[in-house]
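In what follows, structures are represented as structure tokens.
Each of the two complexes below includes subunit A, the first together with subunit B, the second together with subunit C.
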Partner chain A sequence: MNLIKRYWLTALASIVALVVFVTPFIFIILMAVKDRQQAALRDMSWPINFQLVENFLAVVQARDYMLITAYINSTILTVGSVTILVIVASMVGFVLQRHPTKWTPVVEFFVMAGLMIPPAVVPTIWLLQGIGLFKTLHGMILIEVAYNMSFAVILYRQFVATIPREMDEAAIIDGAKPLDVFFRVVFPMMWPVTVTNIVVQSVGIFNDFVNPLYYLPGRGNETVQLTLYSFQSQFNTQYNLLFMDILLVTIPPLLVFLFFNRQIVAGLSAGAIKG
Partner chain B sequence: MAGLNLKNLYKSFGAVEVIKGVDLDIDHGEFVVFVGPSGCGKSTLLRMIAGLENITEGELFIGETLCNNVEPRDRGIAMVFQSYALYPHMTVYDNIGFGLKLARAPKEERDRKVREAARMLQLEPLLDRKPGQLSGGQRQRVAIGRAIVRQPEVFLFDEPLSNLDAALRVSMRQELTKLHHDLDATMIYVTHDQVEAMTMADKIVVLNGGVVQQVGAPIDLYQDPANLFVAGFIGSPKMNFIEVTAKTVGKGEVLVQSDVIGEISVPLNSDRVKTGDKLTLGIRPHALSRSDDGPFSGQVELVERLGNETVVNFTLSNGSAWMAVLDGDEPLKLGSEVRFSADVGAICLFDAAERRIR
Partner chain C sequence: MTTVALDTPKATSTPKALRKDLRYPSWFYLPAGTIYFILFLVPTVASLYFSLTRWTLFNSTFIGLENFQQFFREPFLFQSLINTVIFAVITSGAKVVLGLLLAVLLTSNIALRGFLRSVVFFPVLVSVIGVGITFTVLMHPTQGLINTSLEAIGIDGPGWLTDPRLALFSVALVDIWRGVGLATVIYMAGIVSIPQDYYEASRIDGARPIQQFFLITVPLVRPAMVTVIILSFIGGLRLFDLVWAMTRGGPGFASDVMASVIYKQYQAGFYGLSTAGNVVLFMLIACLAVPLAIFLNRREVNQ
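Here is the complex of A and B:
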């Protein structure tokens, strides 16, 4: 009795969390292995025919192996933009925190503006067309870098504040030039927040649906999230394949989260305690 | 072989002037200690020598070279920081060898120098560890190793022992003195701890408010302070002061008078004192001894019985807090009246401008 008295709220919260977070995922898995007729009912029933392999092959082979192309595109997009983001944002964060000048407030204003002002799609497309980057993967990489730069810079800047300035000075006395100070001493010390940035940004960019939809149209340019469209149309939606596709594109970010969960929390809260 | 020569150095941060015209000569091989209260500019002066702060005005020579605009790495200096500032992601070996790596020293030479420094500092068993796995004293030694391995002309220490516990501080102090002897290099050491200053220095530079108050050997500063500040700062417990008036000025002695202590005749050969001058009388706690007809009387506030000596805090009738250090054990009651006499030869007099009258 005592146990129930003490833990009933915990138990209730666990059950609610389970229903809210796990049910949709179970629904995805069940739908993904059903046959076409049963999937069209869109209910929470147990699959009559298990069509795991058939559905999987159908999704992969659809539209001339579009999913494979999409995976390659998404990987290039994610790795490329996260790499640029980490290198550039860490440098910006470092300089903003360490070497304040009269321009620092201006840069900070732009960083905050980048967080708050929503991007304008049409002018961006117009600009991309003007410089020949529309419908190209590297253009898309630059877009993702630009959209996510503010958040990354803020994370890095907070973290640099926790690294004692004496570290930089010790390196300078040891004979380090500015780039050595950054890349050999400060950057390795920023590892926790770098992990946070890599995880948060790569999941966000990998899962991005809207931006590739606007800025990266065209055959052969699909990213994984856009493949969802090929199983859904106004008159004819193959729900079993759609959910199999959802399952396939959800797995990579999920793995990243499972592996790096601990570091993400560490990095997010690292800047919070001091500075 | 390098001494240092500071000529009229100034440093200001915006409108705030921190270093106000420091002139200093440091010979090769000297162990110089900068000492002073917090905010006196001692660390800033050290950082100017290191090249971490720009010099606003004046000239800094290290050896024969004018170093005002020379990069820190080219000044032939090494610095040990208060927080050690070890690179946490590198092993002890890499921490010590980092400077050599940046200087692109050949691998064998680097290895030899790192191991030699590690041997000197008894760090050999720890070379593969990260700084996080070391104790405070070990980290301190790694920081010193990082300085030694660069074979600098001048070592700079910025309060290196203030993060250590008392026992370790004493032993590190001895190790540093020994190291100075072994390396025969110039060392500049910043501290606010005057025990460190007294025990380690060849020469102490007392700073206050960005101005050098006095430069000299530790014992000279103790016995012969140049002004009120140095007299109060050097020596522990600090010197007792009281305001007095010169009543009669005789040949070789001055009779000073105050309501609190009555009249005392102080031996003095100086023509700077005139009758009626306002003076400050200073006497060290160790120069006081108990005596029933002594001039200094007060009420006992606190007694610290250490066995070999007794530290007595007492207040004079005008309310100023004095201290006396008595030999042996003196069981005094709190609140009781005590009288002390002083060795008149140990009394210092200061004029209204706080300068010592000699």
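Here is the complex of A and C:
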């Protein structure tokens, strides 16, 4: 009796979870392929006219191919900032774990501060203007590096602890210079956590809306997330196109998810066990 | 080339105790530290000054605490402060509880487990703005799918985002939908690390599943729970994009939170006031989240 009750309970919970989490995505897909009149109804009906290609082209062409520009901008932003992040954060994580000094608590404090303190928006704009990086992709890349540094450092630091010190020492004895020890011995061994970092940070930076909204305004500077924002007001009568855009913006994270599910989960749940 | 020339004589002449420093060079901190210092620390420190000024980006007039006074005097600004705390408490509370229940469900032997895990986690990776727009459409008072479905079973659905008393909670609901997957995977990592022996031993002693849950799973999953609480609480305090995509803080100021007020004041050109908002949000996190983190971590040590 108890067993049957439990079985039904888990089955019911599974079904509820399935409905709650899957329905919105089915809705997005259906809306994206409908024609304009049917999409205006905003219901769950099966599309009468499949307009996958037409809607796709219409969204891509909207506002002088804004979506293409946005994809290029987002790609540069994501690749650029993740590359810099991986290099500089791994260096910090390595030295921080290997060589504790009286300054280590200070560094740790700044790492925690970077995780918790909300960035001061207007002073940052003022500063970026002062050094000529406001409204530029370079500036935006450096901002993403600065804001995501703490998390990247934490991931690296945890992982360096699992690499035996003997590795560095053996390299030193073999005559390697400090830079070689790091870049040719330790860094290659950190590859698993580097993959985790790349995947987690790229998804985060690609999906970032707030920071480009503040620091990268202006025509031609749109990132993918900002196209959604501007299409939201422009397409409020063309729901099919709005949802086609949502679908297109969702595809890159979906691909990453399909291929790197394990690394993402590992990265995001790091610290769950140690606290 | 020059570095090599400088390095060699030094390395031979340094005593062995100092060689350790050479192996783990302190300048490795420099690239990361420079970026962090200039783009994060300098603005943060500068915000403390600029929050005390009337500011046009080109010149600033010192006006003391007037911006902060305004923050606590203007009802709609103060309301955003209250909303932020309500929002953070509701969303983190729900993620802590629902995340744990989902994690228990998804680590037990159920059909479609792998698929369910993916389905629960995927919203975490999706664009927040996309999620916000989708739910704004789903929550439309008359044509939204949620209310038409409720109507079909005879319930008169509320104006999720149009009712001022409800708007903030509707946004919170969507934030829970979007973020519970993250809490779930963190819990799952914690649950998987609990030794199976405990469950077996308790089963032999006649413990029922509900007892196992409260006496084994909950206490032993504590580190994960602490992570979930702190992450989602700080996330809730800082949230901006979802509110902006769904309600723009409306109707009226009913769903305004600190981060949306900061943006609105920035757009309106009140840079000093906007920066003061930033400082208030910073204080809020410092006064609520930091003591919470310290408290939760201390109890862990004592156990």
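Rule of thumb we're sticking to: the second predicted complex is superposed on the first by the 246 of 275 C-alpha atoms of A that agree within 3 Å, B and C clash if a C-alpha of one lies under 4 Å from a C-alpha of the other, contacts with A are read in each partner's own complex, and residues count from 1 in each chain.
Heads up, the rule we're going with is that a residue touches a chain if its C-beta (ideal position, glycine included) is under 8 Å from a C-beta of that chain, and two chains touch if they have at least 3 such contacts.
The structure presented is a predicted model; accordingly, all values stated were derived computationally and were not measured.
Of the two partner chains placed around the shared chain by superposition, subunit B is the only one that A:Asp180 touches, whereas subunit C remains out of contact.
In the superposition on chain A, no contact is made by A:Tyr65 with either subunit B or subunit C. Comparing subunit B with subunit C, more residues of subunit A are touched by C.
Of the two partner chains placed by the overlay, subunit B and subunit C both lie in contact with A:Ile172. Contacts of A:Phe259 after superposition on the shared chain: neither subunit B nor subunit C is touched.
When the two structures are aligned on the shared chain, A:Phe50 is found in touch with neither subunit B nor subunit C. Of the two partner chains, neither subunit B nor subunit C is touched by A:Trp8. Of the two partner chains placed around the shared chain by superposition, neither subunit B nor subunit C is touched by A:Phe109. Within the superposed three-chain model, A:Trp191 lies in touch with subunit B and out of touch with subunit C [touch as defined at top]. When the two complexes are superposed on chain A, the residues of subunit A that touch both subunit B and subunit C are 172. By the touch criterion given at the top, residues 7, 20-26, 28-29, 31-33, 35-36, 38-44, 46-47, 50, 55, 57, 101-102, 105, 108, 110-112, 116, 118-131, 133-135, 137-138, 140, 143-145, 148, 177, 182, 185-190, 193, 209, 222-224, 226-227, 234, 238, 240-241, 244-245, 259, 262-263, 266, 271, 274-275, 278-279, 281-282, 285-286, 289-290, 297, 300 of subunit C touch subunit A in their complex. For subunit A in complex with subunit C, the touching residues are 6, 10-11, 13-14, 17-18, 20-25, 27-28, 31, 41-44, 84, 87-89, 91-92, 94-95, 98-99, 101, 107, 110, 114-127, 129, 142-143, 145-147, 149, 153, 168, 172, 177-178, 181-182, 203, 207, 209-210, 213-214, 224-225, 228-229, 232, 239, 242-243, 246, 249-250, 253-254, 256-257, 261, 264-265, 268-269, 271-275.
Every residue of subunit A that touches subunit B in the complex is listed here, in rising order: 164, 166-167, 169-176, 180, 184-185, 188-189, 191.
Here subunit B touches subunit A in the complex through residues 50-52, 72-73, 77-79, 81-83, 85-89, 98-99, 102-103, 146, 150, going by the rule given at the top.
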